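Alright, structures below, take your time with them.
Next, two complexes with chain A in common: one pairs it with chain B, the other with chain C.
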Partner chain A sequence: MNESVIHTEGLSRWFDKKQAVAEIVLDVPRGAIFGFLGQNGAGKTTTIRMLMGHLHPSGGAVEIFGRDPRWLSRADRQRVAYVSENMNLPRWIRPNEALALNASLYPNWDAVRARDLMNRFGLEDAGPFATFSKGQKRALCLVLALCTGAELLILDEPASGLDTAARRIFLDALLESNREKECTVFLSSHMLTDLERVVDRVAILKAGRKILDGELEELKDCARVLHLPASARRETVERHFRVASFRKAAEDVRATILDFNEDRLRALCAEDPAYGCVEMRGLNLEDLFVELVTGDLIETGGSVV
Partner chain B sequence: MNARLMLVEIRKVWAWYLAFLLVTMFYLVLKPYPLAHNDIVMSVLAAFQGAMLGWRIFHDPAGTQSFAWSRPLTRTQLFMNRWLLGLSLQVLTLLVVFALVGSGARSRFHEILAGETNPFYPACRWFDLAVLWPCAVYGLLAYQAALYLNAFAEFNWRHLGGAISGTLRRTLLSVMALCFPAALFVLIDLPPATAPRWPYGVLVAGIAVITAATTAMAVHVYRHMEVES
Partner chain C sequence: MRVHIDYNSSEPIYRQAVEQIKLMVVSGQLREGDRIPSIRELARELAINPTTAAKVYTELEHAGVLTLRQGQGAFIRKNPSLVAPKAVRKIVADQAQRMIVEGLRLGLDGGTIQGIVGEELGRIAKGRS
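Moving on, here comes the complex of A and B:
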């Protein structure tokens, strides 16, 4: 098994009486591109802030490279680059100043790549950060992270505000970092179509709890929407499959299941002949996400697959 | 110590710093009387400058806190980088004061202005250099008190849910920070005399202890505080 770059165990965080993150268990293997998904307010940013050591966990533990992120040494911090959801550079800073600062702080800073990305994002002649558009701000933050030569990129909503061309540049650069420099990437995003192109693994949060975690391809292989007869009962389907959502429509029932295989389907049909004419379809990441976050699956443990 | 980061951080403070420096220079040049170790105006100016530096260097404008805190520096290194920046600016003030007074520029200005009609003619620049003492001591003490109180406030009030607004909180704390050297001023220097009430060695040792203690406490707070991002 691959070494975990990020590991959390029962990670929880309370804000006053509200629990923002509840007992999250995560393992991000070295070299993975890990998609961290959830609706607004699901606890993604809070989790990422704890990964960065900016927030203290109320319970559980978090480790980056096997250490508590709050107490990482300078050398270990040079192995991590971060883009926060709120683009957070000082308003007066100019791109060249920001690049020079990072070059002085990261020993593996790639100045050639930085120049190239600045050109591709159209930032080479930009003024102070405060005069940037939202997309330009995001692009500069990404250049600052992608060229650090860090082994771990933690990106919170990295593509938010980027236009289609800039998103493409970002995703290409991300894949290049991952494939050529073996960089591990942990990113949260609502751009699920983009994510589906790049991620190896995903975890989905709902109301602070992890409801799903696994290899994307396996999840997609095993997830199906079953169109069942109107008389279908949830308990019957749950005896054979793990059900993420179970919706009754006018003429049929649609059940989203996470662990499809032919043998189980045959067993379901054998139990009640009414299930014999099941129709089914696969799901892409976006469909799967919507079914999961709007369904009623509760899962706090490890991988579903 | 990272010079690039200092250049970025100095932008938070340079306009205020230059304003204080200009006021200090005007005061030094224009005061028609000899300068002394217990010059109250210089003490107040230095204390305000120290408190301002402690406040502004250690405070990140809204939304930008995680920029510095996400760079590859430990929290202690980040603190020390900022602390040294504040100290460097205070040393720069001392150098400017030293140059202005020690070079004879101030004396020359008064000779031109009033000549022999000045009751204190000829202005003695080496005597006037005593003004370095309040400039150094009260600047440093106010700086130390402000940085500790601000770090403590960031830590404490954030956990208490921000009962008072940030500006009011920092104003109150900066006033408290100024009370600290003011109290010491009463203790050390208030009576007119040719030298402080206590031997210089004792005072320097006491100031060193206060500086070390407040720095250690502030570092502790920095290592444990939560950061916006």
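Moving on, here comes the complex of A and C:
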């Protein structure tokens, strides 16, 4: 169960003099739904292209099923399905032809499920690919990936262009693949409110570096915003907590911390009576993401949780 | 069993489910021996990640609220007999202390805190009868 389907070690990539990805360590356990988050330009797509073997790392190593993705056998390739950020099919291809093509490429192709999903997305009677809307194109590419029977799905911004109803269909299908077929999923997305329900682990990228990695439910369990008196100092708080951001407002200071527990809070309060009345609140995934990417947390090598 | 989850709450999904199921037990909506959905069924019903659903059951089993029987599913236990009566008192006293400290720290007085406890007890007892 703890076997890693995706493993990277010090993964880096330079484009000319710009470092797009810097020493990323990732471990995606079998059966996980792993959310790969970051702002535009944080290095998500570059990382994903290296995972797929489409781009060579400038440094470090990638393994998919324990092997270098550039040298996967045909049989191992059939264990992975990928939807890139701007995936396109030939203009003339019709949905049935696209499905038939994938059925011939993937030995575990699930034709029954493909028909069902085409139906749910309302794509059964669609014409050639060129006549599709952006959302329909996306939906068809997702159906093609979801029905391959692959053990690993790598999806770059899968939900972009999908409307609310289509996103729901897609997420339910994703959970179904994970639940019924133990499919491992690695996906990047900006739709944090969608991700919050389906992912069990997240990694957050900022300027090419991984700044946080862990189980989502544990992160939420331990992340808090503390409202501190205006006199609060970062060093004091850092003696007790791991601080993701520290913002001075007009009347108080708001510190986002990642490892809350009551004993630590008591110890902080005991240090200075000014901390005696600390208000606090929890963070959902979106709050946490914003605090992390706009804060100044220093990256970590491994997992926090 | 009806569990309502706010997916975008700051409260972890597993914790929302655990608290609601515990409440169903103490208010009598779930009784000893009742079979509750399997991990997979719960994951499907709530449309959540199976790992999260598994966490709900691990927590509840650990707390003595349910037992998992191989191949049969999850069943409600009556009393968490894993815990000695004396220890139960201590668990509750610890929780109460934490709540009182928090209340006082945020500026409530003792009477108000007592009032809140009474109201909540009343609410749960009402569900029970």
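Everything below uses one rule, namely that the second predicted complex is superposed on the first by the 303 of 305 C-alpha atoms of A that agree within 3 Å, B and C clash if a C-alpha of one lies under 4 Å from a C-alpha of the other, contacts with A are read in each partner's own complex, and residues count from 1 in each chain.
What we mean here is this: a contact is a pair of C-beta atoms (placed from the backbone, for glycine too) under 8 Å apart; a residue touches a chain by one contact, two chains touch by 3 or more.
Here the structure is a predicted model, which means the values were calculated and not measured.
Engineer: Quick one: chain B and chain C on chain A, clash or fit?
Structural biologist: Fit.
Engineer: Considering only the touch criterion stated at the top, classify A:S84 as touching first (chain B), second (chain C), both, or neither.
Structural biologist: It touches chain B, and chain C stays clear.
Engineer: So after the superposition, what angle do chain B and chain C open up at chain A's Cα centre, nearest 10 degrees?
Structural biologist: 150
Engineer: With the two complexes superposed on chain A, say which partner A:E97 touches: chain B (first), chain C (second), both, or neither.
Structural biologist: Once the two structures are laid over each other on A, A:E97 reaches chain B alone.
Engineer: A:L283 in the overlay: touching chain B, chain C, both, or neither? Say first, second, both or neither.
Structural biologist: second
Engineer: Could you tell me if A:G31 is touching chain B, chain C, both of them or neither one (first, second, both, neither)?
Structural biologist: A:G31: touches chain C, not chain B.
Engineer: Just checking: does A:D16 make contact with chain B only, chain C only, both, or neither of them? Give me first, second, both or neither.
Structural biologist: So A:D16 only meets chain B here.
Engineer: I'd like to know which partner A:H56 touches here: chain B for first, chain C for second, both or neither.
Structural biologist: In the superposition, A:H56 touches chain B alone.
Engineer: Using the touch definition from the top, say if A:D259 reaches chain B (first), chain C (second), both or neither.
Structural biologist: neither
Engineer: Between chain B and chain C, what is the tightest CA to CA spacing in Å in the combined model?
Structural biologist: Distance of closest C-alpha approach: 27 Å.
Engineer: For chain A, give the residues common to its interface with chain B and its interface with chain C.
Structural biologist: none
Engineer: For chain A, which residues count as touching chain B in their complex?
Structural biologist: 16, 49, 52, 54-56, 70, 72-74, 77-78, 80, 82, 84-86, 88-93, 97, 100-102, 104-106
Engineer: In the complex of these two chains, what residues of chain A are touching chain C?
Structural biologist: Going through chain A, the ones touching chain C are 31-33, 171-172, 175, 178-179, 193, 196-200, 216-218, 220-221, 223, 262, 276-279, 281-287.
Engineer: In the complex, go through chain C and note every residue touching chain A.
Structural biologist: Per the stated touch rule, the residues are 7-15, 40, 43-44, 47-52, 55, 98, 105-107.
Engineer: Sort out for me which residues of chain B touch chain A in the complex.
Structural biologist: Residues 2-5, 7-8, 11-12, 61, 63-67, 69-75, 77, 161, 223, 226-229.
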